[in-house]
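Both of the next two complexes hold chain A, though its partner changes from chain B to chain C.
Right after this comes the complex of A and B.
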């Protein structure tokens, strides 16, 4: 309990630091939300009037605290450019990005764990060698490029999905999931290759351990030793990696959303940054940092479930 | 120990179930019927209040939702819309509009003379020195007389009709920013940020001649213009205005690519207050060094229309093609002018270009090469669009920039007013007493021939004084699926969906 509380407090402080940093950063870069709203029609008087209306003439610190307390009360403000309530605008998009990250995560596991185990068991086999070569290639392809390749192969050549034909989850959840499968794959592949490499290496080093010999001598079959004893030990470093990969995937989804024309949090974030739409940018950053921190916490919990030697109360 | 194994197995089972579920669902096609998906490169990141809209990209979509007292047609002529007829007094001081009866807003309420007065007055209220519609600073009063709406001006203005396209909106709409209600051929249906903007045909539209044909129009935000041909081919988009030429070339026979113009004055705009651009000889030297034909060849395969002053060809009688020849590329002359101005060895300056506009960036690159031939070194500085708006346009902190300037209405003033030395939109700090006089004369003239003469004088001054290095009106390509027909180009930023039909 104390551990959870401590984690939670650290998390809140981290998020506050992040928002403060973003707030200050926006004051350093050029560009002005008021001018981006008024466009080329801006006259000095209209700029002044709107600046007052949005309280942009107040000192940074005052603005930050005003934003902070409103946020704490659940009021995320109104988007400068869209004039829509930020909360409803973002809540509509969270499922899109979250689905993509979660799907990518599971795809990574589906691909990596069986292949990792198999290749470690059959070192030097044809499959093992193929996987190693493919690994090297895929690992060096950034997700946005694998996104373009996937769009071309599955969308244009095999016609399994319509490039750019994103379907909203509110309209048709099935089609939505199907469309999200491909961008998720684009994010999952490079991470999966690293996970395979890691798991394979980790398992191979376990084969020479004393406990493995003991397990064999007790009459276990190869599979019994592998799944009953070795995997548990070998998987710990992989889980650390999977956790890091998930947080990476949340961030990586921003770029892949661009490639696949998916209107998720990433797209909103990018346009809001260029419009200097602070309320939206801050809200999205809070959500993304919260996601990342939650994932880290989750990894800690999974650790202690798999390996009782690691406990919460550290 | 057993337990963990079970957990791991359970995890695999879950994943397996999930992957089966994923493969089970195939994509759906859009339902048949009259709907069209139109790709737009940028979302409507804006208020939907027609009087507050800033972005041209929002304005061109909202054109379908709102009608004004008069409307513009593809030829650039104004026809009565919410009024049945209009009269302009001989002294060009009083505009009288006879309102149509029984016209409905999208919410079913009638368009009343009070709504008309409210809408026009709303745009006349000044914030600081200028009202929402700058030309309305000339409005003295508005009044209602039975079914007539009368606008009285302070100064005579024969071009004022062009500003009466202002959207008429109901006075009692509580949320004009997010729930637009107008009297146009389409009504607002829904919007999802960065995803789409949907409008539906308005069945009670008053004007049978201009009513909509296609039931639903979905404006879909295109995330990636570099793969847009794929989206068109796959049927995710049916119509795409402003498609890049490289993408248009990839389309097959199911598409028609129409060619029009963007209706922009693309130029290397020079900050006339920045030394050495305060010297007309230096500006002229750059004009002699620049070759618009080479730019057009590089940027758009030789398509585009050369311009020599701040008016583009869609302005018909105001456009002066002879000004294209004020400066024909002449390196020797350019060098001589530079030497004369005290820069025999050239000089160095920055061209600030918004990075999101490929055509402008490419234009700057060609120009920089051309200027190198006369010993002038141009450094290209790419900045974000938002920084361009604030630093270059608003604060005027720049040396030169390549951009396309559009017209907000079809009056010569909308393009030429900004070069009056005191104008708030004079971002190049142009300062020429002769120009100010010519422009004032044009505004004051009641007779059309005289007015045109003075406006042409303005254009000639801009050209001969080399206010800017004028390049071209960019070509615009529109890709349309052959299932649809009827797309029309307008001389302004307008995407008129009511003209579209299903092909036979």
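Right after this comes the complex of A and C.
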């Protein structure tokens, strides 16, 4: 309980630091939200008036604290460019990005765990060699390109989905899930290949451990040794990787959303950054960093549950 | 096969084919093990004693290795029977303990699960019966507070306790043969004496034959009646411990005997308990 509290406080502090850095970073880079709202041919008087209205002339620290206390009260402000409440705007987008990340995560596990086990058990088999070669290829393709490839193969050639035909989850949840499957696959594939490689290597090194010999000496079958003894040991480094992959999927969905034209968090984050729409950017960053931190904490807990030598109370 | 001989190894040869030139690590190994007998297998590192033992326990199954000869147990040749038949003997009739008890135990499984495992594999006992058996065997290997120990993990125990756990696991099915591959080498001297004493006790109570592998001749002389001396894959000398100690025929055996530090380990003197 004390551990959870400590962890929570660290999380909050981390998020506050992140928002502060974002605030400062926006202050350093060039670009002006007022210009992007009014256009470059606006009169200096109108620019001046809007500046004052948005409190952009105040010192950075003052502006930060004003944003911070409003945020604490649940008021995320109003988007400069869309003129709508940031909170409702973002809450509507969270399920889109979250669905994609979660789907990609499960796809990764479904692909990686069985293949990792199988290839380690049948080293040098035809499947093992095929997987190794495919791994190398997929690993070297960046997700935006595999996204384009998947769109081409499944959308244009096999006509399994309509490229660009995104269906909102509020309208038709089934079609939404079906459409999200392909971008999720694009994110999941490169991570899955890494997870296969990791699990395969981890299992192979476990084969030489003394406890494996002991397990055989008790009369275990090969599967008994593999599932009863080795998997729990071999999965440990893989879990660390899976956690990292999930946080990567949450934060890294921006590019794939762009490729598949999905109106998720990543997409509005990108346009909001170029419009210097601070309230939107800050709110999205808070959400993404909170998700990343939560996942990390979850991984710590899972790790300590599997490996008795690691106590998460420390 | 003679009446009381339970294991007969004939002309066992073990060859490795992991290099261009095959390498033989054990030549013409012969052994007759009587019921309830303790045989010592001594020799330096690389003499082939562990390889012979692993072959008897059915734990040498590398593809780049060839085994020739016969290992007869219960009328069956362990080198030619199927994996399933071999598995029904492993951990049941023939079990083995190893040199390093920490790495030989699975680090992420509780002691109870590891000791209980042979029961789950070889018997149809229900949960409570298995629990009773585990508790009984843990008491028999002189572990203090077995109810607590069985809930712990290997890293929470001392070296001596871990080896007792290994012995308990190996003995839970009351095997005919226990192969102990340098079971005391990783332990300090007082614990060594306790483990040897425990093995002797189990041998007397249950009439389990033990193949005791060691490079420590003084330990072998306290535990075994008969001893085989191995060097470079060959058995160079064998016979009763007493005869070999008093009148070694081979130069190598003389050297091994000369290498014993002159400290007597008296098993009768207060070293029984931790």
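Basically, the second predicted complex is superposed on the first by the 312 of 314 C-alpha atoms of A that agree within 3 Å, B and C clash if a C-alpha of one lies under 4 Å from a C-alpha of the other, contacts with A are read in each partner's own complex, and residues count from 1 in each chain.
In this section, contacts are C-beta pairs under 8 Å (C-beta built on N, C-alpha and C of every residue); 3 or more make two chains touch, one makes a residue touch a chain.
As the structure is a prediction and not an experimental result, all values here were calculated from the model.
*Asks:* Will chain C clash with chain B on chain A after the two structures are superposed, or do they fit?
*Replies:* These partners fit in the superposed model.
*Asks:* Kindly classify A:148 by the partners it touches after superposition: chain B alone (first), chain C alone (second), both, or neither?
*Replies:* In the superposition, A:148 touches chain B alone.
*Asks:* Comparing chain B against chain C, which has contacts with more of the residues in chain A?
*Replies:* So, of the two partners, B touches more residues of chain A.
*Asks:* Of the partners chain B and chain C, which touch A:53 in the superposed model: first, second, both, neither?
*Replies:* Touch partners of A:53: none, neither chain B nor chain C.
*Asks:* State whether A:214 touches chain B only (first), chain C only (second), both chains, or neither.
*Replies:* A:214 contacts chain C only, not chain B.
*Asks:* A:306 contacts which: chain B (first), chain C (second), both, neither?
*Replies:* Both: A:306 reaches chain B and chain C.
*Asks:* By the touch definition at the top of the document, which applies to A:233: first (chain B), second (chain C), both, or neither?
*Replies:* Second partner only.
*Asks:* Would you sort A:258 into first (chain B), second (chain C), both or neither based on which partner it touches?
*Replies:* first
*Asks:* Given the overlay on chain A, how many degrees, to the nearest 10, lie between chain B and chain C at the CA centre of chain A?
*Replies:* 160
*Asks:* Quick one: minimum Cα-Cα distance, chain B versus chain C, in the superposed arrangement, integer Å.
*Replies:* 5
*Asks:* For chain A, which residues lie in the overlap of the chain B contacts and the chain C contacts?
*Replies:* Residues 228, 232, 306, which sit in both footprints.
*Asks:* For a test of understanding, state which residues of chain B touch chain A in their complex under the given definition.
*Replies:* Its residues touching chain A are 1, 4-5, 7-8, 11-12, 15-16, 18-19, 21-22, 24-28, 43, 45-48, 54-55, 127-130, 134, 177-178, 192-195, 221-224, 227-228, 230-231, 233-237, 383-387, 389-391, 393-394, 424-425.
*Asks:* Quick check: in the complex, which residue numbers of chain A touch chain B?
*Replies:* Result: residues 29-32, 35-49, 79, 81-84, 89, 92-93, 103, 106-107, 109-110, 113, 148, 151-152, 155-156, 159, 161-168, 172, 174-175, 177-179, 181, 227-228, 231-232, 235, 257-263, 267-268, 271, 274-277, 305-306 of chain A touch chain B.
*Asks:* Which of the residues in chain A end up touching chain C in this complex?
*Replies:* Chain A residues touching chain C: 209-211, 213-221, 224, 228-229, 232-233, 306-309.
*Asks:* What part of chain C is in contact with chain A in the complex they form?
*Replies:* 57, 59, 83, 87-92, 95-96, 98, 100, 103-109, 117-118, 121-122, 153, 155, 166, 169-170
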